[in-house]
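Pasting the structures in now, so scroll down.
Two complexes come next, and they have one chain in common, chain A, joined by chain B in the first and chain C in the second.
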Partner chain A sequence: MKLTRHDRIGLVSFTLPGLILFLLFFIIPVGYVLVVSLFKWDGMTEAVFVGFDNYASIWKTSVFRRSLTNNLVWALVATCVQVPLAVLMALILNERPRGWKLFRTVYYFPQVISGVALAMLWSAVYNSEYGLLNGILKLLGRADLAKNWLGTLQTAFPAVLIYWVFYIGYYMVIVMSDLSGISKDYYEAADIDGAGKIRQAFAISLPLARNGIMTCVTLAAVMSLRQFEQVYLLTNGGPANRTSTMVLYLYKQIQNMRYGLANAASVMLIIVGIIVIVGIRQLFKLWHAAYE
Partner chain B sequence: MTTIKQTFRQASGHKRFTPANLFKWLLIVFFAFYTLFPLLWLIVSSFKTNTELFGNPFALPEVWQFVNYQNAFRVSGMLMMMGNSIFIALSATLLNVVLASMLAYCLSRFTFKGNGAIFTMFSAGILVPLNALMVPYFITITSIGLYNTRAGLILLYAATGIPMSTVIIRGLMEGISREIEEAAYIDGCGFYGRFTRIVFPLSRNGIMTAATFQFITCWNEFVFANLLTSSQNIRTIQLGIRYFTNQFSTDFVSMYAAIVISIVPSILLYMIFQNQIITGLSSGAVKG
Partner chain C sequence: MKKLLSLILAAILLFSLSASAFAQSSAEFNPKEEITLNFPSIWVGTDSKAPVFAEMVAAFNEAYKGKVNIVIEEQTDYQAYRDKIRTMITTGNLPDLFSVDVFKLNDLVASGKLMDFAPYLTDSEWAKTFSDGSLQEATVENQLVAIPFESAGFGLYYNTELLEKAGYTEFPKTYDEMFVMAEKLKEQDIVAFPLMTGENAWTSMLWYSNILLAVGGPEVYNRGLDDPAFVTAAEVLKKMFDYTSSDAVGAGAAVVNGHFLNFEAAVYTNGPWFLPRFAKEGVNDLGNKVKFALPPEYTGGMGTFGGMAGTVQAYLCAAKQDNPEKEQAIVEFFKFITQPEWLYKLAATAGSMFSIKLEANPDDIQVKQDLASAMAAAPYLVKHFNDQMPTAVANGFPAALDELVLGEVDAQGFVQLLKDNLD
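This part shows the complex of A and B:
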């Protein structure tokens, strides 16, 4: 259909509201953090142009470096442990074992429960006085292992990190949708050729679900870099900044009115995000290439 | 021949006991247990007395303490916070899906300069870490006078959800046949008529999917609600349960009751709209 004048007016009136909001809440804010990260500014006095000084100062603080490392470890665990577990469970539930729909529903629960509620739940699990985890250890006769999980230097970060790893529902559903689209003919042919289940998973299921898997790996990495609520509510970055993340660092700079530093941290977060996303795409391109 | 083989396969799938089967079921049960056990523990604990909670974390309550739930409602202004959350999430969802479906209609039905560019920008927008934009959001919302208002959160939620919703709805609109529209076009039905009378009603499944995602995201949102509001009477439920910690200082069981109350609506909504969520994740829409 060729566009008439009436269509053109329609197109403008229908796209403009959404595009203005996109401009206001995506493009301008990203441009804003880029620019303001080059200024020293406390929100009240005149901003002073300082070039890359903010980047140099955040890089010098050990809290920021610790936060960045924590985020990267988090992303690594999410992409290399959480997503593979989700893929494994997708393969298993795709075989339609008894009650698979019920299990799919249950695995997805944590995704619809708010981060705040989950954080409060797990802070109760880890509580040193009446917590579930210490209770289990006592039941097993290992009361000596019971401790204040979130307050101990060695266990705080693993404790904050680990409870998420086994919440696999979101990624599992994405991969399952790819798996269910694969024609049964491939598996029947493989059966006739005598290929076992594991061989079939590696030769048929995984390659044909690679788009879904790439989506999951990307989302898992991106979400790990955004982490804020859990650490803010469970430990507020403590003990001794062991559990800090980039967003928590930036939030604390806002509270201290150091907007230049906060925005430099924002830009770092965006840049690290872009590097990670591009890196993942490149890796998956190699995998794609192997099948073309 | 095939039927015999299939029957055999079906039978062996369920009944044969093999190490592989055992391993499979161990995994299935482990993940279910891991998800449900802490939740059930929280629910059971929310019916205990504080003394019982400290005594034995696994024992069932002697007497089920429904009074904890009364406390949760009384102490914290629970009903008002729920009202705020419902109002904010519903308004933001409505605004969001209306704007997103208008955009999706243009993107899926017309070829114009910039069509591809908008789609690429939106796909990239889904991956932008919004938490990194706290400072500019704070400044924008404050400067238009919406700090500490419900309208501020509604605007922010509706706007930040636009890329995701547009991509979901566009994906599902693409799948709708154009024949009816072309007939309507020949009958003189214009740009707006084709949207309101044909495309919008036909794509209501896609729109419901986007709306479900958007509503759950708004209901659960914490970071910006925390950043952009300060007074108690516009607090959302998520902020509420965060501040319960202070209000209930040592009354843990009532705090647990409050957390359980906040989770129930999300779970109910999920149970009702489960199919929409699965379609949404399957439609390739989130595959930015």
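This part shows the complex of A and C:
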């Protein structure tokens, strides 16, 4: 269809404000981050151009490499454990079992609680002196297993991850909205063909809810790469930086007034983010192709 | 009746005297138009200085009505406050007034955005009110870039009842003796030292500072991180973790404070601002069971018994001004809030100590009087580790301490981790 002059004016006037905002609040700041990442700058004195030295410098740092690894593990757990759990719950609740509305509310409830409150709560659960977890272990006669969960090298990162994995409400609701849009006819036809619930889930529900699932996987991966609040509040990256993430690392570089390093870490985060998102899209393209 | 009348008369006299003092200083300053000064302040909300500080600002605004108006921007979180000031410095938008605690004055001076108070203080009556050496501490490259305000000494405080359970009526004089005591406390299931590695590892850092002075003497920082004293002090600090609570790794200030206030730990260190909390928040009448102790001596160390970590804890700073009247207004405000009458009031309510000379107050709690006496008699007071080190090294202390305590590195490795944070 050929656009008329009038259409073109309409198109430009509707897209221009968005484009200007995108340029002002995204492209220019990202460009600024990129430029500053090439300088040694403490925010006080003149910035000195150092080329890619900041990138080499952070890459040599074990804390940065550990932060990157933690982020990737986090993203993997989010996409391979948290989202599947959410999908499973959505499939179960979509069957409308007794009390499903209550369960839906209960699972979604943590999403409306402040992350700070949750972190404080779990910090108390994990505390070695008065924490609930150690209390339960002692009740069960396994006091030998009690430990400082957030202060032990082997348990700190899993402890931070595990409590978060079960907050599935957000993704569950997205998938449920997709599932509720699937026509009942498919399920009735499958029933007539003798397909059981599991078969129906794999043959009907999941393929038809794949757009919602893809949204969840993408969001989960992106949010995992942006992890800050929960780690900052629970462990501040400790013990010995074992729970550090890339955003926390760059925040600490800002605290150290090393803006060049902080911005280099930001650029790395953007690159990792792009790679992860493109990877996820490619995987889903294959899934889509299988049904076309 | 007569008594009441004389009291009222005395109060009126006192009020008129102080009002005239303020009026006099206010009368001497007549800007062309009212000057507004923005002051993002941490001394608000639930901060112990908040009530008196608010009174000070209100009194100043009243005394300088139509001339100067101080506008307080409330910041209730210390870390958020530091982040804000850091960002404002970086973006070149320094507030008119602000306070500084952990920032290095050297870093701030490099920005070239700080007001120089030297013209207002050199050879002035105001300068004479400051304690010895405090103005020099605020002088960088011949510029007096800050007004020293709050000061602190970092002695030790012990729970007499818990120590008695281990058979001690006095605090040991050496670290060796202190560890013998710690062992006896441990036998009684009492935590000897509440320590922390979370947040900025504040109380552990204070212990390290005092151990470092005991091992390496007052010149230890001048010799740099290569000095073996840093390693030896780390070994001592690590040993202390054998006698701490199980949640020490990753613990923040609230945890450490909680252990001492709840009668769970025997020996504590912090600044004077914490001392009123022993009575206010401690259980089992803790306020009456805490005694002050000097940091122990290290056998064979270069330190002198009685020397301790002590520092200007908070400075008052201002942004460089183009308008001389605004500059004068800043000086008027800082002069006003550094008047002893206000500081006595602050000291009484918040437990603070100041870089301004004040008479000893017999109404102060005993531990604070003991600390003040110890600071006055100290052969040296040396800034603590965080104040001495570049920002990145100070910020790297908690993670390095984690590594040390969890056995990932030895004391030598701990110091190396600190060095790795140097540029």
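Definition applied: the second predicted complex is superposed on the first by the 268 of 292 C-alpha atoms of A that agree within 3 Å, B and C clash if a C-alpha of one lies under 4 Å from a C-alpha of the other, contacts with A are read in each partner's own complex, and residues count from 1 in each chain.
Methods note: a residue touches a chain if its C-beta (ideal position, glycine included) is under 8 Å from a C-beta of that chain, and two chains touch if they have at least 3 such contacts.
Quick caveat: nothing in here was measured; it's all calculated off a predicted structure.
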item: Chain C versus chain B, contacts on chain A by residue; value: B
item: Which of chain B and chain C A:Thr45 touches, first, second, both or neither; value: second
item: Contacts of A:Gly238 with chain B and chain C, given as first, second, both or neither; value: second
item: First (chain B), second (chain C), both or neither touched by A:Ile254; value: both
item: Which of chain B and chain C A:Phe14 touches, first, second, both or neither; value: first
item: First, second, both or neither for A:Leu153, with chain B first and chain C second; value: second
item: First, second, both or neither for A:Gly135, with chain B first and chain C second; value: first
item: Which of chain B and chain C A:Pro110 touches, first, second, both or neither; value: first
item: Touched partner set for A:Glu229, first chain B, second chain C, both or neither; value: first
item: Overlap of the chain B and chain C footprints on chain A, listed as residue numbers; value: 129, 254, 259
item: Residue ranges of chain A in contact with chain C within the complex; value: 42-45, 63, 127-129, 147-148, 150-153, 156, 235-241, 252, 254-259
item: Contact footprint of chain A on chain B as seen in their complex; value: 13-14, 20, 24-25, 27-28, 31-32, 34-36, 38-39, 41-42, 45, 53-54, 56-58, 99-100, 102-103, 105-106, 110, 112, 118, 121-122, 125, 127-140, 156, 158-160, 162-163, 166, 182, 185, 190-192, 195, 216, 219-220, 222-223, 238, 241-242, 245, 252, 255-256, 259, 262-263, 266-267, 269-271, 274, 277-278, 281-282, 284, 286-288
item: Of all residues in chain A, those that touch chain B in their complex; value: 1, 3, 6-7, 9-11, 14-15, 17-19, 21-22, 24-26, 28-30, 32-33, 36, 88-89, 92-93, 95, 97-98, 103, 105-110, 112-117, 120-122, 124-125, 129-132, 135, 139, 166-170, 173-174, 177, 197, 211-212, 214-215, 218-219, 222, 225-226, 228-229, 233, 247, 250-251, 254, 259, 262-263, 265-267, 269-270, 273, 277
item: Sites on chain C touched by chain A in the complex; value: 82-83, 86, 89-90, 107-108, 110-111, 197-199, 245-251, 255, 391-392, 395, 398-399, 402-403, 406, 408, 421
